[in-house]
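In the part that follows, the structures are each spelled out as structure tokens.
Two complexes follow with chain A in common, the first pairing it with chain B and the second with chain C.
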Partner chain A sequence: MKIKNNIAVSDNGFIFNPASGESFTVNQVGLDILNLLRKGEKQETIIQQLSEKYQADKAVIERDLSDFQAMIKQYHLIQNEE
Partner chain B sequence: MKNNKKLTIAVTGLNAIDSPGPGVSVIRGLLEAKSFDCRIIGLAYESLEPGIYMHDLVDKTYHIPYPSAGTEALYNRLMYIHEKEKLDLVIPNFDAELYSFIKLAGKLKQSGIHSFLPTLEQFEARQKVNLPEFGKKFNIHVPQSKAVYSSAEIFSLEQEYGWPLVIKGKYYDASLVYNSDQAATAFNKISARWGLPIIVQQFIHGTEYNVTGLGDGNGNTIAAVPMRKQYITDKGKAWGGITITDQKALDLTAHFLKSTKWRGAFELELMKNKAGEYYLLEINPRIPAWIYLAVGVGQNIPEALTKLALDWPTEAFTSYEAGKMFIRYAWDMIVDLNEFQQISTHGEL
Partner chain C sequence: MTAKARYERPLIKKLESNMPNKFGLRTEFEPLTHIDGVSVDSLIADYGSPVFVLSEQKIRSKFKAARQAFETRYPRVQFAWSYKTNYLSAVCNVFHQEGSWAEVVSGFEYDKAIRHGVDGSYIIFNGPDKTEEDLRKAITNNSLIHIDHLDELYMIQDIARETKQKPKVAIRVNMDTGIYPMWDRFGFNYENGQAWDALNKIMFSGLLELVGLHTHIGTFMLSPNAYAIAASKLANLAQRVQQKYSHEINYIDMGGGFSSRNTLKGAYLPGTDTNPSIDEFAEAITSALMNSEYRPKTPPLLILETGRALIDEAGYLLGSVIANKRLSDGRRATILDVGVNLLFTSFWYDHKITPAQEFTSYTEDTVIYGPLCMNIDVVRENVSLPLLNKGDKVVIHYVGAYNMTQWMQFITLRPNVVMVDLDGKPHLIRKNESIDSIENLEEIPTHLSHFEL
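Here is the complex of A and B:
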């Protein structure tokens, strides 16, 4: 899953989709996920890194990541709408 | 490069109110033009149109007769103004006055007053009552709609279109209604104000986008800027908006211009449904009130329209800045009673 190239993500978690004019805000965790997805990191790597940074259980991270990805997909922020 | 001649341009739509006319924004674009300097002559219908009193934008204002007075009365008044001000161009900004200005365009040009307006055929083809035919002819998705002359006719459409329905006036006003009672109320209210027929339109669920632009009359796009409304007033007017890059909206605009050979400025009201398909809800045959956003992102449409009207070489804009917003605001001016008295009694200020 990769974020569309034209989506602007600022350092403070403000997201702007120039194609639709929609904007969103995310917290630090959301911002970390978006930045990792932008880099094209694999699911396992994202879970590993978030788990280390936030010292949380991998199963919890996996579930939350899956929810977050479903949400950004719904908001048309994903390349090719995978 | 700047043209040496200082142009005198007459502009209507000085009613910068909660449902604003485009005049003041058009004037801001004209005063920021890089290719000419200009003097602005305001044309007003009411003495309380705020633009009349904006002396940093408008050099002089004249009352003009309402469209109901007929084209002859308008022509005589414009000739009186022309005699005093030597107008080079007139930019009308209201749907309801356009018919008269289009009719008079040839006569005005003979007197040296240029304009750049759609043809009468184009103006008629995009009327709300003709929109279904327009969509079919030019292969553009439009919502189903029908012109009705009695509220009873609406009920026969509810099964075909489903609730909610959009009840629209011939020129202005629209209401979203969810049942027969609301439909009858909206029919009576809008028909009392704007006359018959009333247009009943299928409601398309989705996100509303608007595109403003300029066609050269030969099928070419001179300007096109799409915008998403971010803040909408209870009258449905944009109080804030943001420029976007949606290629589908731009393609649809280019298709509209190419197939209709549209001449002049316009605004397309579009609805994008969940499947990403665009429906054309309305074509406004004039500059919209939010035009200063287009100026602010690099497409000075009032300037380009002026150049086209005067037959000056006019290059098409090829880009604009996406992600720029406009936020409208209200501002109280303090006006001397003498000024109000002057425009009210003499029709000039």
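Here is the complex of A and C:
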């Protein structure tokens, strides 16, 4: 899963989609995920990195990650994956 | 090893350009971690989740403020605690200690007041369903019987004739106060002359002592002016009785119905900002009485049967998050262990819900469901809350009125009810139900006691 290239992500969690004119905010964990996705990191790497930074079970992170990914997909922030 | 950062669910939120949205003007996530000095965590640890918590301090201060609002404007005021609003014995006794009489609407509530030690002459007996046995008891105890319909009037007259007692009665009057819907199913109508007719029947018979006039115009009323109209109409009846029979009515009972601080469903602004204060109701009622034509030697006692406005804010329901999920349209849903079985009033109110622990300032628009496997079990259709996790605790506010009487034993059992006293000490005032408390009432016919699968 990869974020569209034209999406702007600011350091304080402000997201702008120039194609649609929509903007969003994310919290810190959401911002970390977006940045890792932008780097093209794999699912396992993202979970590993978050579990090193935050106080949380991998199982919890994995569940929340897939929920978050579903939301950014719904907001059309994801590149089409064939 | 460096400490890891605190985890919070990842959140993405679309920014809307329009101003206030359907989730209300403000977020409600300011956490409430303690009730009268007792931590929510310890209350749940000691009494389980969910648990109802009542603040004795809040009940008393609310009562004192209400009494003051009326006593500073009118010389003779008496409150009567509306049992149906919350008839847990500890709650009733707080009101009785504060000087409230009892207002009851069934034989069950009547007996409860007697058991609490209320003298029969301080019990107001309202409602359409008083059995002959109830009436005989109330007459013997000198209670104040508020007649609802003619069949009741005739029954009381029969008992009076037979027992040679003179029952103390009032009639309940319904009327147009400009409020829709008009509660015309209780008592006798003012505009069409039924009320005047009933008063004449009572006075002609000579069997009963007409002591008062009663009305209760509705509940969660937002219009003080409706009370002014009602008070004028009762005073007018009293004046006509005085004129025609030279008989003075001792009291005017304005019933209950003042709104609490809750927010009615669909209201745009929170009830804490918009609902009239008790002073506004007091001003409307007392000025209408003072300005009326009714001029007895002593001003009639003004009785108030205020229920929800005196107890709603003293009640909290503590619960826990069972799970979070996503609905098909992407909305967040949170399931609590508190449902409409315990929170009957969530059918009327957008209850204020706050977390019981600190959070970051991120919030999410959420539907709050209860634990019942039933579609109706919605506690809040939409509320902005911080990112709650499984196991987090929440506080539902202003739940003291009607929930602890109208709750249902449905799917789950009813929980403990705790009262925090004036020294910040919690007391269990109603034990949680067990499967035994339910099954002890059941019987299984012998032929149904066995089966094989």
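The working rule: the second predicted complex is superposed on the first by the 80 of 82 C-alpha atoms of A that agree within 3 Å, B and C clash if a C-alpha of one lies under 4 Å from a C-alpha of the other, contacts with A are read in each partner's own complex, and residues count from 1 in each chain.
In this section, a residue touches a chain if its C-beta (ideal position, glycine included) is under 8 Å from a C-beta of that chain, and two chains touch if they have at least 3 such contacts.
Please read these numbers as outputs of a predicted model, since none were measured by experiment.
Enquirer: Putting chain B and chain C onto chain A via the overlay, clash or fit?
Expert: fit
Enquirer: So if I put the vertex at the Cα centre of chain A, how wide is the angle out to the Cα centres of chain B and chain C? Nearest 10 degrees is fine.
Expert: 80
Enquirer: Once the two complexes are aligned on chain A, which partner has more residues of chain A within touching range, chain B or chain C?
Expert: Chain A has more residues touched by C than by the other partner.
Enquirer: Pick one for A:N6: touches chain B only (first), chain C only (second), both, or neither.
Expert: In the superposed model, A:N6 contacts chain B only, not chain C.
Enquirer: In the superposed arrangement, which partner chain does A:V29 touch: chain B (first), chain C (second), both, or neither?
Expert: second
Enquirer: Please indicate which partner A:A19 is in contact with in the superposed arrangement: first for chain B, second for chain C, both, or neither.
Expert: Only chain B; A:A19 stays clear of chain C.
Enquirer: Tell me, in angstrom, the smallest C-alpha to C-alpha distance between chain B and chain C in the overlaid model?
Expert: 5
Enquirer: Once the two structures are superposed, pull the chain A residues common to the chain B and chain C interfaces.
Expert: Residues 22 of chain A touch both chain B and chain C.
Enquirer: Could you list, by residue number, the parts of chain A that touch chain C in their complex?
Expert: The touching residues are 15, 22-30, 32-33, 52-56, 60-61, 64-65, 67-68, 70-72, 74-75.
Enquirer: Can you tell me which positions in chain C touch chain A when the two form their complex?
Expert: 3-15, 326, 330, 360, 362, 387
Enquirer: Which residues of chain B touch chain A in their complex?
Expert: 207, 209, 227-228, 230, 241-247, 322-323
Enquirer: Per the contact definition, I'd like the list of chain A residues that touch chain B in the complex.
Expert: Going through chain A, the ones touching chain B are 6, 8, 16, 18-22.
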